[in-house]
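Below you'll find a set of structures to go through.
Heads up, the next two complexes both have chain A, just with different partners, chain B and then chain C.
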Partner chain A sequence: MSRPSPTSFFSFRRSLIIAQSTVTQLVRMKVFYFLAPIALLFLGLQFFDAFWYEGPEALMPEQELRMHKNLCLGTMMLFTSLFAIVSTALLIPGDIEDRTLYTILCKPVPRLDYLVGKLFGVIAVIFIAMLVMDVLLVATLHFRTEEKLIETTEYMTKIGYPEREIEAGRAEIAAHGPTLLLQFGVISHFLKACVIAAVALLISTFSTSTLFTIATSVMIWIIGAFQSIARDGLFNDAEFGDVPTWADKIVGTLVSLIFPDFLLYEAISDGAARAEDVLAMDMAQLGGLSALYIGIYVVLSWFVFSDKEF
Partner chain B sequence: MKRFKTFRNLLVIAGVLAGTGYLRMPVEQKFTEDLRERKIVQPRIESDAWGEMGQTSLAGTFGGLRTVMASMLSLKAQSHFEENEWYDLKKDYGVITALDPYNAFYWSHGGWHIGYNAASWARSNRNFSPARRRIMEMEFLEAGDEFYRKGLKYLPEEESLWFEIGSMWSNEYKRPDYERAAQAFDKARDSTNPIYRRRYLFTIARIPGREIEAYEEAIRLLTENPRHLGVPTFRCLLIVLSTNPKISDIEIKPTLDGVFRTKDKAYQDLFNYRQRVLDEGFYAGDIDGILLNLIAELDVPDELNPFLNPTSHRIHTEHWREGYERSKSKVPDWMLKKKEEGAR
Partner chain C sequence: MSDVAAVEVKNLVKNFKGPFRGKKVHAVRNVSLTIAPGEVYGLIGPNGSGKSTTMKAVLGLVAPSSGMCAIFGRNSTKVDSRSEVGFLPENPYFYKHLTGAETVRFYGKLCGMKGLELKHRVEEMLELVGLQDARDRRLKGYSKGMLQRIGLAQALVQDPKLVVLDEPTAGVDPVGSREIRDLILELKNRGITVFLCSHLLEQVQEICDRVGIIHQGVLVNEGRLDDLISLEDKTELILENATPELMDQIRTLVEVTHGAGVISEGRARTTLESLFLKETRSQTLRVRKKRKRVSK
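The block that comes next holds the complex of A and B.
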């Protein structure tokens, strides 16, 4: 009689299978329908002109493109962050409710595979949604940039600017168009959504209600945007005002230790929208930090989930 | 047992988060400081701006949508501009710039609304007494100046904001203060933009007692880039400032032929410059003497002689003589005859 082969501690293949089924599960929830209003918004922005941009004397093409990017990136961030929270919060309770969880866990599937698979599934859906929104952003921004380039060149030629200055003006506008730098902003929002999904996964492992998971994750999302203020207070006393009290220091320490720093993601994305010099090195650092956050939250989720009784 | 497990789990989670947090905190701080130094991280929102923020802005800020909220608020501010609600507009721009302080457009646009539009509204509002109008206008001008300067704290390299301050204080339709304007233009004196570079000269040339300095500035500009000679006011200032008797005769002074391509061009430019002396207080020097010499030399018709025929009109072409002849030929012959007879 042959002995059953021992189940490995973690299998990437098994996690991928669970991730695949999670994607199917989320697609059946019709999550991609949300992309329709977003597409309409992006296309609508294409035709949106603020009043003060009218007339050649008020020609501000860079600001107009910047506004377009800000609104699109903001929408992408809002959608992906909320989606990461809600979908992750719904998955484990959903599996318990329709008893899928029992059929999975009664098989030789380690709980780590299940959690990682679920997270990969959510991340895959976020990635697809982000990709669609990114294509829309690039397309609308491309057309708008082209339009602004033509308008500005015509205007500058009419006024009699020398060729060198026209070229400089065009280069400045093109820098606000669909560049690689802009993709750094998109990637930054994607990484943020992945971290938020990992946070929601951790909470959903010990939470008894979906509502609690969603509410707590949203709170962490909000506090994460201010984590750097608390941390700055610890590293630099003057930043807190006069003299930080003990209460300030305790709260600051707790917030800095426990919560992730989401301001970094915002900063990189804003910097990319402003066409500042965001470097590939910054992206590597942000990616490393995100991997660290996700790793910590997944390990903790596994710890809680490993001996959870259903 | 279940309660113990929950308590244990929470304790472990808190412990691991605190432990890893302790390790990652310096990394996060270093990364943030590096990004802040490169102005990629937005500065902290000032305490007074928190009080001014509405619920939507606060929610947006908490959600990490600072720049998006700034864009939306700038649209709202536009409606305050249309309704002449200047105090609300000022408040809005305070919040907008607190949310997105590295966007020069908001500083420039907000300053323009406060220092130009609000000040003009106060100046021309007949509902107030003249004294009140003046006080309000000055209030808005000072507020505009302060707003631009606040922007410069965040964007010290943004010469356009210095240029805006200078333009506001040298605007003859407001309350010109050329000393303040010159102080601002001085900061943009070494700009790569030739328009910004010249404005310091054009401003000090209107301040009595700073003519020598203005001449030295004109020479400095000319030495670094002769293309400044393409600007009529620059050409005229170069000539007129050199007529200042306080300027040493040892210095090589510019000549009409060297500065203007033709004598006709010189007459056109200097004729127009004289109007600026009268209207805008530019340095007069010996403009009258130069013009009288040119009138004699070029045999300028009386109609184009500002001493015989004072006018506020400008000469718009270098070929003014042909233009004058053409306009003269349009007059019917019988009228010209009558005119000549009358003259006899």
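The block that comes next holds the complex of A and C.
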């Protein structure tokens, strides 16, 4: 039998083994069943027209499409973020509590591998869930857009609009359909869920219970959603004639490191839903920022976890 | 290579902090022990005496407060040290959602095994612990003894040179417990070092080459089993066809008796159990006396 070679402090392969087992665990916990009500919601929205208006006073078709997109994206965001928190909080404290961790760590498994593996596993499940929801979103939005296109064309032809204006109207509606731009919104919510999972990972390394991890992560999630507003209020308060000192700036930066700025993610997804131009550059920056956040949280988790005793 | 100790524990001290700066728990106080390769070493002691803590320190699951532990010369705090060791924790617990076969495969993969080698090994292990019939059942439905067996399979999956077993027979039925004993003897025959602790002293006496008795975190006695349980000032005679008259005669004068043969002669033995009781009781008395003195 081959003797294992010296264990490196991190092995991608081993992380993947743990990630794979995490995915199996989550799948066998039947987490994907939660997608059923979401699918129903998306399909139900399909039939939810603002039917109380008729004729020319009706909501503009692109407004209706936007509402559809906003509701769907909002649901996706809520589901993936909550899922990221709850599953991460269940997995690691669960392993510690029932001592499954003993048996894993007494194999030649570096602790970093274990943490990264768990995070990868959660992220993989989020990715699959996001993909399913994205397909649903695109499909429902596609049908709805087609419907609106036909309605509008009929309506405008009946009124007697010139061909050129009908084309313009159609183009406007199509822009609110399932475009590539919309995917930016989906991706930004996915990235946000990944960052939240990393936050929950960090908290679960020093917390002793699932409940504490969930509560604290939700708190950071909420603070993260409002922190840039709070920061502006605290440190850039021009009304009092305050010029931000370097100390303010350092504190501000620290706060923004501890509490990721989720407003940035919202900005992109809002822009995508409104069919405004979201620059690929901005998107790439958001991706980089997310990677940075996740990296920092993983390293911090590792510091806490490497000295942990069970 | 063979002159490196399989397990070396040097002046191990482990204190646990109590909650909120409460009283410190001295789980292990200055324990030193060495296990040679190929040896079966048994650690015995009352509940809470620090057996599991010592084992966890050897495996790097807890960091020593002072002192050091090493496996085959590699410090236990390093991940490398764990490539040659299999561990069965007390009351083992695994992922409930996995089946027996999947569990063994998972741990095999963690040890870097893969492909056909792993597949064969998984079957071999399941057969070894007698769980082929339950291989595709989820661990959720396993009984305590079955979990213990899957724990053994998991510990042995990468064919380690050292296995650390924390109460391997706890919760296993008498037949299974004998099987595990035989398994350990087989491991020994294959040259694998075994470090175990158990409350079943009869079994420890049957399988261990050396034992250590630990009491309140202190290693109070340690040595070769044969030496520990032999009594210096007594001699044992094993007689054949001894009649009551013969016994009378023997009592008066053994040497002049004819017709009865002395089959073996050696030192009479106490059992490990009585030694255990004696050691731990005397320690307790000593501690109590000390406490009384302190309180005065």
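Quick note on the criterion: the second predicted complex is superposed on the first by the 274 of 310 C-alpha atoms of A that agree within 3 Å, B and C clash if a C-alpha of one lies under 4 Å from a C-alpha of the other, contacts with A are read in each partner's own complex, and residues count from 1 in each chain.
One rule holds for everything that comes next: a residue touches a chain if its C-beta (ideal position, glycine included) is under 8 Å from a C-beta of that chain, and two chains touch if they have at least 3 such contacts.
The structure displayed is predicted, hence computed values, not measured ones.
Superposition model on chain A: chain B and chain C are shown accommodated side by side without a clash. Once the two complexes are overlaid on the shared chain, A:307 sits against chain B and chain C alike. Of the two partner chains, neither chain B nor chain C is touched by A:146.
Taking chain A as the reference chain, the count of touched residues is higher for B when chain B and chain C are set side by side.
By the touch criterion stated above, A:154 is placed in contact with neither chain B nor chain C.
Residue contacts after overlaying the shared chain place A:66 against chain B, while chain C stays out of touching range.
Of the two partner chains placed around the shared chain by superposition, chain B is the only one that A:270 touches, whereas chain C remains out of contact. Vertex at chain A: the C-alpha centres of chain B and chain C lie 170° apart in angle, rounded to steps of 10. When the shared chain is aligned, chain C comes close enough to touch A:109, but chain B does not.
With chain A fitted onto itself, chain B and chain C come no nearer than 5 Å, counting C-alpha atoms only.
Within chain A, the residues touched by chain B in the first complex and by chain C in the second are 307.
Across the complex, chain C meets chain A through its residues 56, 59-63, 79-80, 82-83, 85, 87, 89, 91-95, 97-98, 106-107, 109-112, 117, 151, 154, 158-159, 164. For chain A in complex with chain C, the touching residues are 1-7, 9, 14, 17-18, 21, 24-25, 28-29, 98-100, 102-110, 307, 309-310.
Residue ranges on chain A touching chain B, taken from their complex, read 50-52, 60, 62-63, 66-67, 70-71, 73-74, 77-78, 81, 202, 206, 221-222, 225-226, 228-229, 231-232, 234-235, 239, 256-258, 261-268, 270-271, 273-274, 276-278, 282, 285-286, 289, 292, 296, 299-300, 303-304, 307.
Chain B contributes residues 5-6, 9-10, 12-14, 16-18, 20-22, 24-25, 27-29, 31-32, 35, 38-42, 44, 61-68, 70-71, 74-75, 78, 82, 102-103, 105, 109 to its touches with chain A in the complex.
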